[in-house]
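Per-chain residue numbering starts at 1, and chain names A, B and C are given in the order in which the chains are listed.
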Amino acid sequence: MNLNLKVWRQKNETSEGEMKSYVAKDVSPDMSFLEMLDVVNEELIMKGEDPIAFDSDCREGICGTCSMVVNGVPHGPQRGTTVCQLHMRHFKDGDSIAIEPWRAKPFPILKDLITNRQAFDRILQAGGYISVNTGNVGDANALPIAKDKADQAMDAAACIGCGACVAACKNASAMLFVSAKVGHLGFLPQGQPERDRRVWRMISQMDKEGFGNCTNTYACESVCPKRISAMFISRMNRDYAMAVAKGECNNL
Amino acid sequence: MNQIKAIFLSSVGRKYIMALTGAALSAFVFVHLLGNLQLFLGAEALNKYAVLLKSNFALLWGYRLGLGAIALVHIVVALSLWVENRAARPQKYAVNTQPYTDFASKMMVCGGVAIFFFVLWHILDLTGGVLRPGLTDAKAMLGDKEVTDVYHIVIKGIGHPVAGLCYLIATCCLALHLWHGLESIFQSLGLRNKVYYMYIRWITRAAVLFLFVGMCLIPLVCMLGILK
Amino acid sequence: MKLDAKIPGGPLESKWSRYKEECKLVNPANKRKFSVIVVGTGLAGASAAATLGEMGYNVICFCYQDSARRAHSIAAQGGINAAKNYPSDGDSVHRLFYDTIKGGDFRAREANVHRLAEVSNNVIDQCVAQGVPFAREYGGLLTNRSFGGTQVSRTFYARGQTGQQLLLGAYQALSRQVALGKVKVFSRTEMLDLVVVDGYAKGIVVRDMVTGKISSYAADAVVLATGGYGNTFFLSTNARGCNAMAVWRSYKRGAGFANPCYTQIHPTCIPVSGDHQSKLTLMSESLRNDGRVWVPMKKGDKRPPNQIPENERDYYLETRYPSFGNLAPRDVTSRAAKLVCDAGRGVGATGLGVYLDFSEAIGRLGRRTIEEKYGNLFEMYERITGEDAYEVPMRIFPAIHYTMGGLWVDYNLMSTIPGLFVLGEANFSDHGANRLGASALMQGLSDGYFVLPTTIGNYFGSSKKFVPSTDAPEFKEAEERVIGRLNKLMSIKGSRTPTSFHRELGKLLWDNCGMARSEQSLKTAIKKIQVIRDEFWKNLKLVGATDELNQTLEYANRVSDYMEFAELLCKDALERRESCGGHFRVEYQTEDNEAKRDDENFAHVAVWEYKGEGKEPVRNVEPLNYEVVKMTQRSYK
């Protein structure tokens, strides 16, 4: 099949970008979306043009590197799927496909479809961990954890940090990402000592990065390739209120 | 001080403010509707209710000012969030379909602004009687006392086709606002979880439907001349 | 090349504790005077960087990904082994040690493997303390599952995302150190060269992948945790960005490269669907518990599988290996698939695939049971192939998955260059000629959390401290070398893309140095590699510039290394005149097609030494002395 692509091209962080048209020829339905772009890029290189720069790594849907908005939807039309796992059989001959990068102030575009997502790293550095040094931590089975709690922690921990939640949110809010880490550690007994401090510090950092605010539209959970539930956001809101009420905000 | 800052400046703190003020305003709207539904009990019932409301000056004005302050906070915080949210995405998507964001949630700001202007008009018109001179002057006898004839003022005021239409449109806006807003209160306050979310969804939606039907009924019966 | 493994004396069981008691230490006030460069942020790199930071060292850490959290360890599905013996099924440190040695076909170093088995338990404790949500029983205790090559349940797991959860644990520990200022992470930064000053590894040259800027970093020691070289084969289960640049360029600065021919091929991957294929996806081996592998009896039978009657199907694993059947080990299963496909009986559009049929199991157990056991795998298969494996048989084919070979290291995990430490898949030490399932995660974290932080102190405590300036001539020379190479790549202006060269090289390797190797195929491959390499340097086409984000250039630079490394891989395979584990030479097999080792002549590690551009590398040997384990023949009949 042949497809009409409109792709965001931007030379670097400071330059202006624009949508440019390309034709993807002889696309096989067995190709993944990124393989289709690979083929387009091979052609561009042969023509001496700059290939479309996009991020990808594992191409198995787990590393969270790939990040593009396909026809207005982060990771494309198939739910619960990263764009690297989206295959071309979901498109038909002659389709027009618009491809854009994540758009959010805290994710500046580095080139074409590549954005800088270090804001996420900084949020985790603010408190997304359990402060325990290596060694001498006691036996792994010394602390039983209810299966239900462990399972819920795992539901939240499945987040791959791709940023689709931010890209989909009409406010470019990072609440789902932050709540997934807060939820993961907050469900576990190991995470309790730092629970207040964690949520306070992570949200403070999130605000500092310039993400938008959550208005409970749940677009984030709809596009999340790991189907992380927005109920973790609710839980985080409560944790935050508790932290503020307990005066965590006085400890900087 | 830090607590105040955490509440009024942080993203989550302001969610709490929006949710709590929203809850208070919603509660008012429901009480207001229940009061007004006494229209169907006849002139005496409604006029008696009006007298009751106005019987204690301090309480009435405390209530009015309190409500106004809550509404003001709700609006100011909403606008601050709106400004920030727009700034968080300086460049819009070329294809900006937002298919997973439902209509009600997209309309929160527009609908909110519409409701604000409607409420302003509504107060000036029916409560203050400024816009249509003479409208609120009607008097009726309640027992041996002469009181304001709220019953007929309402029927006449809302029964006017243009005014009635405004009321119907405003009701739609309000219902849409609450369709998203009521459920959001629970989410924002951290009360929505996987055990209760379905109850929350259906109870809030039922409440909005009740509100919508009740609020539409009043202008309709007035406009169609069912109540005179 | 002097190969001293520096194995501590004493009985095997007490070597590591004795080492820890006797090794040199750096006092806490002095630790902050030492700096360490860590390249790679996978399980080994992130855990090492975090732990060194906790101990007080100053760490600078590099990764090519946009975030440390995305290293390819994240894609590991199955689990992590440990000798906890929680299920009380007779497991012990010794048994884990023995299984790993045997699984590696007796080509690993006893002392290292024993230490790995000992430390495995600490790894689990550490991960749980960090909040890794391992699977649990209703009683709240950790649960285990069994994995290939063992008779006990010792594998801890977090759904099908164990690698992800372990990596996030290490990444969180790393993030904490970043916040404390003890570790600095440079993402989107690729190591292009190692800098050796007066014989000691003292720094690296890197390229900022966003701006293209070349810069140098100096430190007291350099730690490489840069993963394997599976991507040399073009198609593998590795991430697209995984590459061999760090290890290969360190080899060219003098680090010995051990056993490059040990590559592991995984039998249950989703087959290639066409020339556009960019990578392969692995599906859990557990599928073979219920699926039956078959191909049509007739050559070129293109009927849909459901129309091929039972008596025209060849369940070749069941016929050839009656006792193990569909559960034959990875290498045996992979080779059997290759044989039937070579005979023209492969299935699918490309003819490179065999059926894995669940219809019998669905009939026996019901669809519901199969869904519960393998639902997520069936969904993944459906997403990629568009086929419903409940209705039509899956198609599978083997693919390159892991590389056991790597830079040679001694017991301290130090390479032949003093001050250069190598961890995880990038080194060669623990898996011999074949790795067992769920052991890669165990090794990465053991190396990073527990082994290196101890041994690096011993190194610092026993060598003279100095950090050269990055203005030193050795750094300038290295910078010029990498800039020269990049400019050379840009200046060729030929007519073929890096992908086309890489694909050609990968196919050549896969055909001649893949599942089955022979003297002839390897000699052919070596000759052809040289031809492709020559053409690469004459006919490569790149666009853009070096001083900007240029993915084609990054890629071409990596491919230029594969062009050189592939030859060494084939040479090693050629010189190892035996079959063992992942290395199968068709000349050396038993009557029933099993790998036939030659313990008399090849019970050693082959360590290649770089002698300079255009010169033949030298093959050195580290003999493997088995003090505890008795070598036996693996048999699965």
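Here is the rule we go by: a contact is a pair of C-beta atoms (placed from the backbone, for glycine too) under 8 Å apart; a residue touches a chain by one contact, two chains touch by 3 or more.
Given the structure is predicted, the values throughout are model-derived calculations rather than measurements.
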item: Comparison of A-B and A-C (more C-beta pairs in contact); value: A-C
item: Central chain (by mean CA position); value: A
item: Approximate Å spacing (C-alpha centroids) for the pair chain B, chain C; value: 63
item: CA centroid of chain A to CA centroid of chain C, Å; value: 27
item: Separation of mean Cα positions, chain B and chain A [Å, integer]; value: 37
item: Complex contacts: residues of chain A adjacent to chain B; value: 6, 8, 19, 69, 71-73, 98, 100, 103-106, 168, 170-173, 175, 200, 203-204, 206-207, 210-219, 222-223, 229-231, 233-241, 244-245, 247, 249-250
item: Touching residues on chain C, where the partner in the complex is chain A; value: 47, 50-51, 54, 65-72, 74-75, 84, 86, 122, 124-131, 133-142, 158-159, 161, 163-165, 168, 171-173, 175-176, 178-179, 185, 187, 210, 239-241, 273-274, 276-279, 281-282, 380, 383-386, 449-450, 453, 495, 497, 499-500, 541-544, 548-549, 551-552
item: Touch list for chain A against partner chain C, complex; value: 11-12, 28-32, 34-36, 38-39, 42, 44-46, 48-51, 53, 55-60, 62-65, 78, 81, 85, 87, 89, 110-111, 114, 116-118, 120-121, 124-135, 137-141, 143-147, 150-151, 153-154, 157-158, 160-161, 184-185, 188, 190-191
item: Footprint of chain A on chain B - complex, ascending; value: 2-3, 5-7, 9-16, 81, 84-85, 87-102, 105-106, 108, 180, 183-184, 186-194, 197
